[in-house]
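Heads up, there are several structures right after this.
Across the two complexes that follow, subunit A remains constant while its partner is subunit B and subsequently subunit C.
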Partner chain A sequence: MSEAVADAVLPAIDVPPRKRFSIGRYASYLQALPLAVILGMFLVLPILTIVMVSFWDYDSVQIYPDFILLNYEETLGSWVTWQTYLNTLRYTAIVWALTLVIGFWIAYFLAFHVRTATMQMVLFLICTVPFLTSNIIRMISWIPFLGRNGLINQSLMNMGLVDRPLEFLLFSDFAVVLAMVHLYSLFMVTPIFNTLMRIDRSLIEAARDAGANSWQILTNVIIPLAKPGIAIGSIFVVTLCMGDFITVRFMSGGQSASVGLMIANQISVLQYPAAAANAVILLAVVLLMVACILRVVNIRKEL
Partner chain B sequence: MTKDKTTSTGGVSRRTILKGAAATAGLAAGSGAITGFPMVWSQTPIVLRQVGTGVSNINAIAEKCKADLGITLQMTALDSDAAAQRTVTQPDSYDIADVEYWICKKVFPAGTLQPMDVSKLKYFDKIVPLFVTGKLTPDSVIAQGTAPHTVGFVEGKDSKKFAKAPTGWMTMVPTIYNADTLGIRPDLVGRDITTWADIMDPAFKGKTSILNIPSIGIMDAAMIMEASGEIKYGDKGNMTKEEIDKTIAFLIKAKKAGQFRAFWKSFDESVNLMASGEVIIQSMWSPAVAAVRSKGIACKYQPLKEGYRAWGGGLGLAKHLDGKQLDAAYEYINWYLSGWVGAYLNRQGYYSAAMDTAKQYMSEDEWGYWVEGKAAKGDILAPDGKVMEKAGSVRDGGSFYERMGKVACWNSVMDEDRYMIRKWNEFIAA
Partner chain C sequence: MEPAQIEVIGVTKRYTGGTVAVDDISLKIPAGTYCCLLGPSGCGKSTTLRMIAGHESISEGHIRLGDTVVTDLPPAQRGTAMMFQSYALFPHLDCTDNVAFSLKMRGVDKTARRARALDMLKLVQLDHLAERRPAQLSGGQQQRVALARALITDPQVLLLDEPLSALDPFLKIRVRQELKKLQLQLGISFIHVTHSQEEAMALADLVVVMNQGKIEQAAAPREVFNRPSTAFVAKFMGDHNVLAGRVTTVDGAGVQFEAPGGISFNAPAKDLQPGQPIEIAVRNDRVKIGQPPRKGCGMTGLVQNVEYHGQKVQVSLSAPGVDDFAVQLPETDFFSAPLAIGDAVPLTWAPEDVHILKSSVA
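Up next, the complex of A and B:
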């Protein structure tokens, strides 16, 4: 909890230090207190509980307070875990690359091709319209669309393009990636659009005056300045993909595994300590990935 | 001010940590730390909170119970895993647990349920012997797996140990059960399906499915594997590690070869897979077959020569029940077995635990169709009045005795449960 307090208070330290006691100094602590309490109770404490339980023992009905490393040994020592992580990372990498290209494309169009601010906002809001329905409904609605007797297959067959239904469309890696890209692209669009809007247009004019062509402007001016947005969007997409279990379950028809799904399976058979150990490992991996992203792009400096 | 701040944060964190510790301690103890629910409700009408699997948590039952007994039933429907979890980890959140017998084997030893006094059960002698001695008829063979009678009784009032023979203390009163088999699309399979092994026919490649609930899925897999002649199990319901290894290896091979289209976990998924034609032969539950048929799509609950995989559920009493609440719970259970509910469940294609009492509430034609396996004389209606089966149709699998008499194994929980789950995860990840 003290870490959370320290973290939340950080910006306030920028105030020039004064020699004498001032009420302002304590006011900032007080201001940070509610957030610290909420984060402490609903984030730090549950995570500590998960870490604690991950060392406990269990059988099919109960869990027993203990300190054993068996849960970690079983998790890390099994090829299933490694294969599942590999599979999850594969989904994450593909989805990240696709959402990055699509997200940047859309954001670029909104920021530089749409001239009026009103039109920009209107188009941006249109992007968010699908989010008015639930995540799961948007995902499940793909199923009748992609199925063996679904819309796509029927259309293709009626047009005579294929003589038998394409089976890879549903309950496959393709379906999983498609649904994830659909669900998560907006998380890439929003932060990139935000940074692109902040780019000083005179920089682009200056680059053009200096003789740069459009491609050079894009790679030397716009993309470097959009890095914080790309980083924030990447953090969203990567963490969402790494933790996903419902998309993988429905779109792969239960044929593929993800780390989240593995944890959900363990919880459903009351193996809380094993699930907790798995969750701790997943948390460490995701934090590491986020740290890597932040290492490449300093969000604070460039915002 | 500094002081204020530290004390307030300190207070909050200390309190929350204590709270967390209490919660985890409660979880670990498995039984409610808070027993003896205060009887502040004694002046108000009795409310019983029932958690259980979706199959028997039916609103019509709650309404009828209110009308007949004045007891308000608050039902929460969960999937089997969640129901098992709830029963063990949140014993104060319910009064009646409506769970399956294999769950009972898992949860009763945790001590969150109390045994029932048989002498208070009015219709005990009407309960189908399957749940008492394990034999449907005196010369039946007891099926493999967690047969309900093996976990139906405990040794005494405060015992958590299952008794070998019937005693005066019952763990759960049976309410609902059925025999499961494979569902098929007769219009699409194009041949007769006679054995569990038919699901592995290369002709159905990419058009089959089994369910992804490890404890039940492994049983279907065992039926399939034994029927294919790959293995002969000692007890399908309690496999050894080698048997589990072999079964999972067999499944992984089939999965890699593309035999399965999908694995389903919920009732609706199985209905959609079948109705959309994604799958033409799969593990299925009886009402799911009815749901596909009600869309006007042909679907058959195919009896197979190796027999059925059966399951059964019952009502258990929460440990904390006492006084008036406990009396009300007994009253509710007696009412449950008195016939109206039994008839209602029979009409859904399940079986009631007290067949004789249910018969009084069913028409002769209904009884003939659902229980005796006779051709329906008139249209068979669902409880909501919709036509379920046209006149002249015969129930798949025939009569009660034909179906429940051919049970090959019961849903179960194995001694090597933990190992089995791990291997099952390998199958899904493979």
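Up next, the complex of A and C:
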């Protein structure tokens, strides 16, 4: 019986040799093509254009194809640029630190203190609810809350805690940082939550068996294992903060500047080459920061 | 630390929602014993181990280690150490730091704890891999690191949760020999959870067979195998035929009982009345094939299946009202008079090979 089957199968295996030029050799390239085209058109090409324009010349009415270093010289030689970068870095550092603490705290609570998987999912979705509206609306909604005659000031005055409105609440660095923390905390929560959920619970029992208290478990087991998530969240928050201009403009009421805002202002007065040079510098700085984060933490096992 | 006796006194584990995982068990494990908790999955053996370790709260009852009641102590203060099923090695630490972890938690300084950890790694013959991370080790090596990590605290009792389940069959046998050697060398008690009766028989001084949250039998392996207390133990340990029925007549020598299919058997049982249920066990290798059946100690069976096991041949048979009846014959005996499926053969056993079973506690 089995011999008969083998006889029947053998000729079928003995098919004529395959053609040398088959589509198989190019299939993987074909599969990669759509993404390559999209990335090429919407990522590589625009960046190349920006780099190109950053070397062009301009006056108040027109820009001229050229190859000059004047845009970079002007940008890097200006004290305003350095101050703006410093200010942007200050915002980024403060917001990063705050979102890290808040994000880790929320993720830790969700991962280790919420018992059921359903409740974890429900609470996590609640965290994402603010994202159903646009950034700008979420930002603007702080204004009636923080304003001179806003909710907080009125409440404080009605309670008799202050006798005149607190001025620092709105159109200040405080307001900028508050809004950024509000906007970007979830970018920290999500990757950290993801890494915390992957920590084998028996590791925590093993640590407890070895005599670790809760704080020692946190610092010796959980935080080291959450590092990739912390790094990914940090990359999100740092890049978002470094490039932000709308939050700074709205919440500082024009009293503070960021690099993004500087670029936006240059575009609004049609100084495209200057804006492009500024953008290239910003891109380099951000890439450098991301490289530093990746040097400290190996995130490869998360991807 | 001095080896200490463990006493489990009326311990119950009840989960919120009313499920009872462990139901009022009591057990005494003398110092320096290799004890195996044996049972099918969900029988409560792991929960019992975790309660002894302190990773599971105890609903009722007490656990005593030596002279100390440890019921409400945290794991690290009990004098126990646990080796986890998946080993639970810290993936971000190398072997030395894994082993030294509990010393770090106690604030021992770095050079001292690393030196001590290296000593422990030498004990398990892994000092040459001290710098590796767990992911770079084989399953057997990971297991030894976990063992070293558990032993560095000088525990009075080592608790092992299915330590061999992740290893391949050959390694399993080698590692279990190493475990036994280590236990004898250290002189402390090992409590080892397993669902393999073979593993338990090979290792244990004391086998604790559990079923549905209760202890069915706790005794030496030979006792458990030769005198299983209940039908569950007899079936779980294997190599036993269990015959059940109701008592028909009682005389001076014992009782006769009838299986559901109408076959009558003798059993040397006392204190039974006609009509009461009874269960007996007869070892597979004590049943003879082909000899004329003794009255009350035999029957005729139909061969259902023949399995060649090397030294032995296992013949499965059926008879009216008796399911799962098997006979093990030495290979040479079987092949001197081979049997074919469908053959009707007389089966018989000696009256002294009949073992009376108690009704199960669960």
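Basically, the second predicted complex is superposed on the first by the 274 of 303 C-alpha atoms of A that agree within 3 Å, B and C clash if a C-alpha of one lies under 4 Å from a C-alpha of the other, contacts with A are read in each partner's own complex, and residues count from 1 in each chain.
Criterion: a contact is a pair of C-beta atoms (placed from the backbone, for glycine too) under 8 Å apart; a residue touches a chain by one contact, two chains touch by 3 or more.
Remember, predicted model here, so these are calculated numbers, not experimental data.
Trainee: Overlaying on subunit A: subunit B and subunit C, fit or clash?
Mentor: fit
Trainee: Is A:D200 touching the first partner subunit B, the second partner subunit C, both, or neither of them?
Mentor: Touch status of A:D200: second partner only.
Trainee: Mind working out whether A:R249 is in touch with subunit B, subunit C, both or neither, as first, second, both or neither?
Mentor: A:R249: touches subunit B, not subunit C.
Trainee: Would you check which partner chain A:L270 touches, where first means subunit B only, second means subunit C only, and both and neither mean what they say?
Mentor: After superposition on chain A, A:L270 lies in contact with subunit B alone.
Trainee: With the two structures laid over each other on chain A, which partner does A:V37 touch: subunit B (first), subunit C (second), both, or neither?
Mentor: The answer is first: A:V37 touches subunit B but not subunit C.
Trainee: Just subunit B (first), just subunit C (second), both, or neither: which does A:T84 touch?
Mentor: In the superposed model, A:T84 contacts subunit B only, not subunit C.
Trainee: If you stack the two complexes on chain A, which partner ends up touching A:P130: first (subunit B), second (subunit C), both, or neither?
Mentor: In the superposition, A:P130 contacts neither subunit B nor subunit C.
Trainee: Enter the shortest inter-chain Cα distance between subunit B and subunit C once the structures share a common frame, rounded to whole Å.
Mentor: Across the overlay, subunit B reaches subunit C at a minimum of 39 Å between C-alpha atoms.
Trainee: With touch defined as at the start, can you tell me which subunit B residues reach subunit A in the complex?
Mentor: It is residues 1-2, 5, 8-9, 12-13, 16-17, 20, 24, 27-28, 30, 81-82, 84-85, 88, 106-107, 109-110, 206, 209, 212, 214-215, 255, 260-265, 272, 276-278, 413, 417-418, 421-422, 424-426, 428-430 of subunit B that touch subunit A.
Trainee: Considering only the defined contacts, which subunit C positions touch subunit A in the complex?
Mentor: Interface residues on the subunit C side: 53-55, 74-77, 81-82, 84-86, 88-92, 101-102, 104-106, 149-150, 153.
Trainee: Can you check the complex and tell me which residues of subunit A touch subunit B?
Mentor: Contact set of subunit A toward subunit B: 1, 5, 23, 26, 29-30, 33, 36-37, 40-41, 45, 49, 52-53, 59-65, 74, 78-80, 83-84, 87, 143-144, 147-150, 167, 170-171, 249, 252-257, 261-262, 265-266, 268-271.
Trainee: Considering only the defined contacts, which subunit A positions touch subunit C in the complex?
Mentor: For this pair, the touching residues of subunit A are 200, 202-203, 205-213, 216, 220-221, 224-225.
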